[in-house]
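So that you can tell them apart, the chains are marked A, B and C in the order they are listed, and the count of residues begins at 1 in each.
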Amino acid sequence: MADPLELYCWKGDWGLPSVDSDSLTVLAYAKFAGAPLKVHKIANPWRSPTGSLPALKTREEGSLSQPSKIIIHLRKQKYNADYDLSAKEGADTLAFISLLEEKMLPALIYAFWLDSKNYVDVTRRWYAENISFPFNFFLPNRMHGQQLERLRLVRGDSGLEPGDDIEKELYRDALECMTLLSQRLGSHKFFFGDSPSSLDAYVFGYLAPLVKIKLPSGKLQQHLNSLDNLRHFCTNILTLYFPAEGREAPSRKMSSQPDAGDFDNEPNKRRNQVLSVLVALGAMLGYAILTGIVSIQRVHQEALESSEGHGNHSHDSEEEDE
Amino acid sequence: MGTVHARSLDPLPMHGPELGIHTDDVEVVDVEPRTKQEILENKDVVVQHVHFDGLGRTKEDILGYEIADVFNAKNFIDVMQKSHQARQKLLRLGIFREVEVVIDTSQGKDALPNGLDITFEVVELRRMTGSYNTMVGNNEGSMVLGLKLPNLLGRAEKLTFQFSYGTKETSYGLSFFKPQPGHFERSFSLNLYKVTGQFPWSSLRETDRGFSTDFNFPIWKTNHTLKWEGVWRELGCLARTTSFAVREESGHTLKSSLSHAMVIDTRNSAILPKKGALLKINQELAGYTGGDASFLKEDFELQLNKQLIFNSVLSASLWGGLLLPIGDKPTSIADRFYLGGPTSVRGFSMYSIGPQSEGDYLGGEAYWAGGVHLYTPLPFWPAQGGFGDLFRTHFFLNAGNLCNLNYGEGPRAHLQKLAECIRWSYGAGIVLRLGNIARLELNYCIPMGVQSGDRICDGVQFGAGIRFL
Amino acid sequence: MSLAAEAFVSQIAAAEPWPENATLYQPLKDDQILLSDCASSLAVQAYLRMCNLPVQVSCRANAEYMSPSGKVPFIQVGNQVISELGPIVQFTKAKGHSLSDGLDDVQKAEMKAYMELVNNMLLTAELYIQWCDESTAAEITRPRYSSPYSWPLNQILAYQKQWEVRRKINAIGWGGKTLEQVYEDVSQCCQALSQRLGTQPYFFNKHPTELDALVFGHLFTILTTQLTSDELSGRIKNYSNLLSFCRRIEQNYFEEHDRDSAGSSSSRFSKGPSL
């Protein structure tokens, strides 16, 4: 067999093989098609051969970065999960992938990157914790900017701030999309029969993060939870094709439930507040003393030695200095 | 010998021994003041040299024109008057921070016995000055940064740059001004700007990016301005509920126009004048130098003031304008006239008179407006001068009308239309003068002649601005 | 307007019948309109004809800026303004006219998916060819887009729009594609559509739906527009069932209304039938 191809992708968490939708899609497809990949799970896009993740390093054609291009390349290497599909099913695949990209992706970008609570509590925190120093200071922000730009251009809007209107519109489209997928899936195990295909990989890639990652404001998640067949579809693929991940994540992140998270933060928050007030006071006092606005007179000795008459005097002199 | 610092026009010398004629005459002469004054007044003097101290980048040829008159002085009082005037002219150039005049007797070989040397000690303005303001307005805050480079190339040119960064809009302007050496009233300027504005009365948003150049020159008593302007205008709707008539105007247009303005101003002050008259006539022709917009626009403003008894002033003003489209394209909402508001016909909401569609005012192609005001000092503030002088009470009567020119029936029909359905209002209020530029008004108005579609503001109305009807 | 207000207004709108003077606005037909805009406009016109709703077509040079979303075409019905096919379909549904009521859930899912396929692939390919292919952009697109304006505004607007479209194409990942790859994508998309259509008269057998209107709009415009090369329309001509599909819809819904425009479809710079 040929040398195994090398795939660089985001590392996983929360029971997922990867936290990024595109990486999940590629990983799932590779498993479905039986492609032997040497997978490098990294947390720094700058270490990938193309500068972005996922990236497939091939011998002949350099490195490819988009999921569609990677899948096409794997197909060319005869790792084809769509071999058994009829022409009509192939057409349906294309159509549903377009549906996902147009309706689901903008809402996902919004939910993970634009919704303030989600972004700060989950996304940015995860990236900041997992990207190595010193990149974790600016990479999350840069990615945030890139995602925002992408969403803005895709929607063609010039003014895009997180707000109720945009959110409702995006989520409405995404909820409809999920409902349609659920209707199309019905009670089958996979979208086209009993063996998974590239459409399954794409659906898995987009929906698995929603199933596994707990978001503080998760309207999409609530709706997805109500669609049982989609949820089972995702967990099914996880247990069948990524059993290792499930074992490695022994409820580690369960402790960061919203309530527990808040509780953990509480004593820290209070402590930080007290500390910052003390620091500010100390700085003010220090400045005042150093510039002479307030001076501590060494009148202690004299006050002790002198009689009460002088006590008044030193008291007055202290007042004068202020 | 003694020197005289002529800082202000003072008929008598301020101090020091008398102005000696001979440089070696050091005796102190005790003469009566009156004789001294006679001596000084009747002394024939000749101004021999004029020096400038403290010039940096200023070129001397432009200064020559300003002080040329000084050489014509015949006697000492004349010298002082003319050097004072020269000082004013030098300050007016806008390139010096301070100008001091030093008059001394002539020194040197070719000094005449009655010769005088005048030295202007000047301090030039710094090369660049900046300013930073923050402004808070209607639901918007902005930061304004200004940069001024006076006397850029040495001949009183001025370059200013202003940049305003706001929560909603950003605008900037760059302007270059050059007066003609020797004739400061004649000047030439170039402007480059981007301005955004929101007009809630028409539910319209407008962004203008433009470039203009103009010449300013006086002819006899009038002041003329010839200007060419090229503007890229972008119009848009302010809200989703904007009426369709305004929505139809959205988009980009390019206006390239030549305009001419003539101003005769004999008033004693621009705000609350006591006497004098103002006549401004403005015409603009667009379309013959390129661009999409094509029209002829005429605009005039007339104001007469007369002082009456008890320090009160009667003022009458008349405004009018006409916009004629050339060709078959209709006029744009950004070129039309608007009427109403605290600065024009009081008693009506801002620009809320005339043709409208679903609550959005579209403006009109012809209008007239007139007002009669009686200004009196505050009734309970008898003392002259002081703070109370900034206020006036005023009683007013305003009237006006606005319409479009789309009847196809000729000028008589339009004039008739303008004469029917006149909107008018009357009332009284208090006026506060702000510096020499602006005024604030608080009026109680009663609008009359209201047509359907107009929006009125009867009762108390507050207005602030520069140009009032 | 917030979504709640929109819902309220559309409820009120639902109560009013479709007026006689509903108007559709698009850029100037002969000189200005581009391939992608013409396709979208034709799709909306086809849909409204299929629903039997009368609409007048009005051409304005500033239609793109008049539209509330910045995209053409848009329709004005009463005092409401709605742009793009998706919202227009919802609007007509609120008024009680719908073409897809008879479909079951799975079919509705497929219909939506295929509509997204056309938007994702065909429309993006059209935009790519118009604005990112330098020869087409210089010869056809920029001159047409800027034709109503005078110098120098025409250059500024044309380049500004080109820059904007190129950024969007890069953002969705098509920036690295070559023209050949784009043609390949178009072929793939047509193949998928052809597969789905099969031998049926319309995509969902007997009756046309909004999907048919959308596909007709794009395919017919591509077939009847002259670009710098015939490659794009050539790719579509490979699928005969798509060609007969277009002809069928043209005959059923357009020819009976406009006798004199049947033959005027392929002049050099025309963008679609003069309806």
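Methods note: contacts are C-beta pairs under 8 Å (C-beta built on N, C-alpha and C of every residue); 3 or more make two chains touch, one makes a residue touch a chain.
To keep track of the chains, here are their UniProt names: A = Metaxin; B = POTRA domain-containing protein; C = Metaxin-2.
Just so we're clear, the structure is a prediction, and the values are computed from it rather than from any experiment.
> With chain centres set to the mean of the C-alpha atoms, which chain is at the far end from subunit A (Metaxin)?
Result for the farthest chain: B.
> Counting C-beta pairs in contact, which two chains come out on top?
By contact count, the leading interface is A-C.
> Report the inter-chain centroid distance for subunit B and subunit C (Metaxin-2) in whole angstrom, where each centroid is the mean of the CA atoms.
The answer is 54 Å.
> Suppose each chain is reduced to the average of its Cα coordinates; what separation in Å results between subunit A (Metaxin) and subunit C (Metaxin-2)?
Inter-chain centre distance comes to 36 Å.
> Using the average of all C-alpha atoms in each chain as its centre, how far is it in Å between subunit A (Metaxin) and subunit B?
The mean C-alpha positions of subunit A (Metaxin) and subunit B differ by 59 Å.
> What residues on subunit C (Metaxin-2) touch subunit A (Metaxin), complex-wise?
Within the complex, subunit C (Metaxin-2) touches subunit A (Metaxin) at residues 2-3, 69-71, 105-106, 108-110, 112-114, 116-117, 119-121, 167-168, 171-173, 188-189, 191-193, 195-196, 198.
> Write out the stretch or stretches of subunit B touching subunit C (Metaxin-2) in their complex.
The touching residues are 232, 235-237, 240-241, 244, 247-248, 250-254, 290-292, 358.
> Across the complex, what residues on subunit A (Metaxin) touch subunit C (Metaxin-2)?
Those in contact with subunit C (Metaxin-2) are residues 66, 68, 87-88, 90-92, 94-96, 98-99, 101-103, 149-150, 153-154, 156, 164-165, 168-169, 172, 176-177, 180-181, 183-184, 186.
> Can you tell me which positions in subunit C (Metaxin-2) touch subunit B when the two form their complex?
By the definition above, subunit C (Metaxin-2) touches subunit B via 1, 60-62, 64-66, 68, 76, 79, 81, 149-153, 156-157.
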